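Here come two complexes built around chain A, the first alongside chain B, the second alongside chain C.
What follows is the complex of A and B.
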């Protein structure tokens, strides 16, 4: 792990909404993690725990309340000149959750895909632009003829692949995939995830993969972060997290995965998680601590000693 | 079972061609939004008929006044209050174009013969002997001018105001919405009366009054739509690609608003026409000798019992204009409303 280059460092990122009002929401409440070059970091957690907000804040769709996001050592938040923003938009891209909402229904597929190229001036001539579009369509397993059609003529899986092609059009290094498979049915999920894996291998992409389907996250991720109410509670390599979950919330989450086996499924016990069970005292500092190499758990000093055993 | 197996030899089978490139093909012809909408409008007979009617009325409004030999403002008191008479049609007894009128006591008289008038006044004349035919089409001109003015105001001021207010949100939105509330809080009639104090009653004061208030409902609808659209994922995707505000507004928001804009414009047109006719009818609108459908109806209304045609013709024309615009709007709404799609 130490030899790998850190591509993205997230330091104490906070994203609050309606600050100072009675309905203040702390969607992301001080999370820190690193993403190494070429890896896939899975981010899981229950609905509304701030996974998507984290992704959107990283890519500047929201202005962070506090904290910083370092991409290659450069802070991407704060005031930026147009050039800086452009080069940043060039490197970091996003794949969205709902394939039915993420494509403009009034634009042809070729224009949807070429939008990024037009903004960044990546294609000099019309011919070059169309050739690139065809190339991208073929990369994601679609046909040339699809370029002149409108999004409503495609199925969910095809639309999601168009969304991927749009993200790839600017040749990014880092892609935030915001629940790219939740809106698709299972057979199509595999199609999209395998496509993403293939692209990662070919283009050396780095992914932040946000999802709530645990088995799919395990399949695609190298490391997994578990979020609970705006906080990162556990971060570990995928295998380690599945085999040796430390935090009670992670254990609860893992106990919820159904198994395709009636015998073990019958004996599966669902663990519940109640944040009160920690019994944190006012003087205890609760932070991410490295329990074993690469395995971080949100815990107090007392729990830390316990987890380390 | 064995019997069946024998009957079909293997060489009759051929493996199906599995080709990934053809499995993703879409056979349906590609239609864009407007082609699709046109198919839907075409199915709506009422809308198509209305479209033809509006086309006819526009042509008549433009060429009508010059079709007649008589100037719309030329008075000829000798020829006052003549009933309609049209060449050729005057001989068909059941049509009301034979130049006769029925008196109160039931007698049928022909003022043309009584006064020995050779000319044919197609829609008759009014109390001052002006040709009703050219006056009706002059009036239609005014109504259509109001219609296009209302459409223009809606599209320019309403859409811009609503889009800016919705897109930028926050304090800008807050202030702009308060402005709208103040404007819509003042009754239209009050604004017109104020305008008449400052300007003279006439087409200019109506234009100004419409410009001040006509776009409010459009701005509200557009603002709501923009609020909905600007958080859609395709707009977010465009932002992550680094698109500027102008690009997002013109490439993503406006094309998706086109349906709503057209529908709203079409519905605000009959309202504006009615507003002008109403003002003219109560005497706050156009002044003599200018004609609008409202003033014509007002004048005809005074002599309704004696000379019903003086009111009837402009009343029919304005009704047809209103119904036609409403039916076109209805057809367009069915064709363009995004809620009916997908």
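What follows is the complex of A and C.
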């Protein structure tokens, strides 16, 4: 781990909505983590926990309320010139959840994919542009003929492939995938996940993989972060998180996933999580602490001593 | 065990501008009293159409039951008039839909919506129906039922709304409950609660459940028996153990191998190649053959019949024919067979 380069550092990131109003929402409430070059970081949690907001804030779809996102040591947020923004957008791309809503129905597939290239001036001639589109289509397992069609002519899995091709068009280093497989059928999910893994190997991509399907997240991720109500409660290598979850919320989340195994299902014991159980006192500082190398848990000093055992 | 529902040779078509879509092509199954039958399959495989046909909820303008019968309580549901059907729907057979956000009426209080079937089917007075509705809200685990009774759906969270939908479905103690992906729109933690609630209620009021889902984890959790659908047919049916530990159809193999369990560490997930069949022109032979690496010549020519594996387990694949060559199923399936001693020696 030490030899790995930090590609992205997220420092005390906050994203509040409706600030100062009675319905203020603290969607992301001071989270910090790093993403190393070439890894896949999974982010899980229930709906409304702020995992998508985190992804969207990192890529600057929202302006962060506080905190910073350092990409290669440079802050993404704050005042930026057009040129600087362009260079970030060039390196960071996003794959969205809903393959039906994220493609413009009035644009041909070739234009959907090439839009980013046009903005960044990556293709000098029309011919070069089309050749790149063809190449991308083949990379994601579609073929040339698909370039002149419209999104409605494709199935969900094929559309998600187009979404991936669009993200790859500007040759990014870092891709945020916001629930890229949730809207797809089981048999198609595996195809898309395999494609993402293959591309990562070939192009050395770094992923932030946001999802609520925990078995798929474990399969694709190197490390996993668990979010609960805007806070990161646990961050650990994938294997470690599943075998040795420390935070009670992580334990409850893991105990709720039904496994495709009737024998183990019959003896399932579900744990429930109540945030009151921590019983934090006002003078205790609750923060992410490292209980074992690479395994961070949100806890107080007292809990920290327990978790370390 | 007595059969409560029997579906025989059901064929349903939709008439579209492009032509006739044969959505259901000869479906046979039965539901035993008190059991949970899970129907799994990808979108477009016909799971929802089958259950909508049982409820007679298919649009009359463009759908047609070409053949077959649905026997419930000695009556063929496909032959009933709309009026007769109204006496069954919501009373004897009721349904829970996928999306609790859209299946409740946003302009009616939750209490009124629960009272509706009670007043309609059980001729109760308003005040008695109100009592019953509050009881039901408590039964499905909604705290402060008296106050919640007067609230509107938007004041409930997703999981709570699904509980309300369940309360409505159970209002008249139906004999059959059809749940069409009841937990797909919910979070895992809420999903676990709803599944527990459904199992608990099933024991209390002894209903039979048809549970539609594409999540094999959920199936393992709730089902007694499982039917796997593909291309408008049931291609394998058996007890939950038989389907998970001794599957026979290559499509079931594919489904099971493509789901990573928590200890999958292989480099690549098994993915079923290709895409679902076009039911506008259903393929000749086995609908799965074009995506099936085990397909033989006969698969492309003739549709396989249901072969018997055990008294409860049937599968439609030519691989079970005595003349078929022995094939090696995917590693994940072999691993599963070994997990369950009963199927090991086969």
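A few points about this structure:
Keep in mind that, in the parts below, the second predicted complex is superposed on the first by the 309 of 309 C-alpha atoms of A that agree within 3 Å, B and C clash if a C-alpha of one lies under 4 Å from a C-alpha of the other, contacts with A are read in each partner's own complex, and residues count from 1 in each chain.
Rule of thumb we're sticking to: a contact is a pair of C-beta atoms (placed from the backbone, for glycine too) under 8 Å apart; a residue touches a chain by one contact, two chains touch by 3 or more.
In this text, all values refer to a predicted model and were calculated from it rather than measured experimentally.
By the touch criterion stated above, A:80 is placed in contact with neither chain B nor chain C. In the overlay built on the shared chain, the residue A:253 is in contact with chain C alone; chain B does not reach it.
Contact with chain B, but none with chain C, is seen for A:170 once the two complexes are overlaid on the shared chain. In the superposition on chain A, A:189 makes contact with chain C only, not with chain B. By the touch criterion stated above, A:132 is placed in contact with neither chain B nor chain C. In the superposition on chain A, A:197 contacts chain C only, with no contact to chain B. Residue overlap on chain A between its contacts with chain B in one complex and with chain C in the other: 158. On the side of chain A, the complex with chain C involves touching residues 46-47, 155, 157-158, 185-191, 193-194, 197, 212, 214-216, 218-219, 242, 252-253, 255-265, 268, 270, 273. Touching chain A in their complex are the following residues of chain B: 20-21, 24-26, 28, 30-33, 232-234, 236-243, 247, 251-252, 255-256, 258, 341-342. Across the complex, chain C meets chain A through its residues 42-43, 158, 187-192, 195-196, 214-221, 223, 240-241, 244-245, 254-256, 258-262, 264, 267-273, 275, 339-340. Residues of chain A that touch chain B in their complex: 56, 59-61, 85-86, 89-90, 92-94, 96-98, 100-107, 112, 115-116, 119-120, 141-143, 145-146, 148-150, 152-154, 158, 163, 166, 170.
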